[in-house]
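Pasting a structure here, questions to come.
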């Protein structure tokens, strides 16, 4: 796991959310674009499509794929929920946990990280500020993605608008568990935002509309990828 | 839609829940068994697998497939949720709504039925008693599936243990909207339970562990199917 | 109960929400103003203060007092929840249920109405449109308060901006259960809005900021009260 | 605050839950018993009654009173929720947060602790295991009460059945923030359980049914109190 994680860094993780541009056939198109950019630049691009699209995308690309959420339940009577074993079988390698649009109780985050780890999946826990990041660090996820909710979808990049949230997060998280890899997200729209995020000490970015709703996703994703190599 | 619905009746609707026996490769195996039984007996069998499995199952069988849950959101920023357009694109024909393991607010059920209808999908709303069934009828879903939660997974069939819940549901629902098709579920384990359900006036059954966790699913499902033809 | 309900009509029901102007000492001040207006005009004014204030307000006024929410649980291990028996003992006479800021599952609304009825308390279920009102009618609450959420707190009165939502609600609810009393709310700010609501066929209004955050609550509430007598 | 906290230790904190024996008139009776025991033994007993009872209990006893839950909202449109300012005005001195029967998102716990601190109230965050306790410590509450949910209400005391959960919690919490005071709870039923809890290094216990549903609350509470003085 740890060796694998390193190979991925720096990581551009694209959350497809429930955008039409990231659904079904269009989701597969976007995945193919990401594969192309990844191959051309030699940078790792992770994809977090909707549950319904994971299996098919996993068959057409070799990029690491993440679920957008997962439940901690063991197999049983949980109609409509997201079974970790089901995600595992799609060939996804990990999952977002506690995204600001799908918040969890602290005891659920703890249980989910354990379940995910037991299955050999990677956990990427989203947090909203430095305090919550430190708190999450004590639960030992693989990744923490700090995303101030007030900047999500705004185009105002966290890496420029609130750099101190990112640097404080890094400092506090590392104090509690130095093995955790840190991404930042919210408002990341171009290569300069990505560069700024890396300069702050993160190992990559979590991005959604900036790529999925971009007019020319190939061009924008290429710009993101190249920014990570400078 | 209405003509299609009629063709399906009587309907055996199999909820795969998050059972291991209904996940991934095993879910596809179960879907193939259902196709075989449906072809042999000439009875409609609907399938409600997990989100991650819908698309692949839809490609290997010609049975009507339902999501286990759906959100009413329009495309946008709803990470980890179930977009109706995404379900539509998997080739599912409809969705369970408000299953006892995934309850919704009354205003959400209303919004979900509308969204689902706009996309040409079939709504199957689960209810827990006759009162809630009548209440749901006023929201005009295609199907209501009455399932007393205290019997779910017990093997004690609602059609025998609580027939009056089923008959009162039928009476009250029809008074409010006679176009709604009624299924019953909870504890349905063999052909006699299915026969009893139909004799009470339902148009089919919603079943989960009775089939998915059966020792010999082909044999049990065959028994269910044959019971609908008597 | 039914005789009591009639005595109250037309009803001005004031939801104190969690406004500072409706908290603690100020809540008691507002309750005294309501008592004064009620006495002077001979019109019933109901009050829905916060849980923490109910008991003290019940001791200083003789107006009917409602909880803002209630849980359907029976006495037991439900830390932090609202026990119907606790509300009963404060001398409140009833409760709001399913306010748009505190939505419930349909099966919870059903269970809550039953619990409340068993204790001799009055149920006032809030709904967001005519469909959901009809659906709620099948659960047989005492009152339905129709409040389009998009107008709540705007000062744009439902009784003028969306009269058809109110009249359709009345028609559909009465068809299912003519014994239910109907209030409307959202944006009600002055006497003319109250008059308009009554002319549409309601038996009163549910109001919050229009009174609680009014610059001169006595004057505004007096205007509301007088409007009901014309 | 810190001086005050010290005066209270060791603390016996009694959660009244929504037991009938802890509601209304009976809640006040129980509060008077607690006052008597506290006065006689010279030990601090905290009380966490239902919202509806806080104000009246605060007037008849001089013990520290806690809410069972609180919301982090600022004054506004949050019908049916628990405004910190409203709790403050009842004369409660603090609140339970994240009880296992009222779980919160991690970002809500963070926001709630801040709100509570800003108002000069004491935060007592409940946790379910050592990991979640460590995680909570990073959010800097005043108290952490570790309660393994599987033991709550069983009469099997955490301090004897799972001492290592308590000691690991203390160790991990102190490493992150040594200023946090630690209680333990679940299954605490007699003086020996209280002694065991203190010997493990806690500063007191969180108890519910053990006192509230005791046949002779005065006798049992007296036993608890005396156990803290040995």
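To keep things simple, chains are lettered A, B, C and D as they appear, and every chain counts its residues starting from 1.
What we mean here is this: a contact is a pair of C-beta atoms (placed from the backbone, for glycine too) under 8 Å apart; a residue touches a chain by one contact, two chains touch by 3 or more.
What you see is a predicted model; the values in this text were computed from it and never measured.
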*Give me the chains shared as neighbours by chain B and chain C.*
none
*State the smallest step count from chain B to chain D, taking one step as a move to a touching chain.*
2
*Could you work out which chain's C-alpha centre is the most distant one from the centre of chain A?*
C
*What whole-Å value do you get for the distance between chain C and chain D if each is reduced to the mean of its CA atoms?*
34
_Measuring centre to centre with CA averages, how many angstrom lie between chain A and chain C?_
45
*Could you check chain B for residues that touch two or more other chains and list them?*
100
*In graph terms, with chains as vertices and touches as edges, which category applies: line, ring, star, complete, or other?*
ring
*Give every touching pair of chains, nothing left out.*
A-B, A-D, B-C, C-D
_In the complex, chain A residues that touch chain D_ = 98, 100, 103-110, 127-129, 131-132, 134-140, 172, 176
*Would you mind writing out the residues of chain D in touch with chain C in their complex?*
15, 17-20, 23-25, 48, 50-56, 68-69, 73, 75-83, 85-87, 89-90, 96, 99-102, 152-153, 208-209
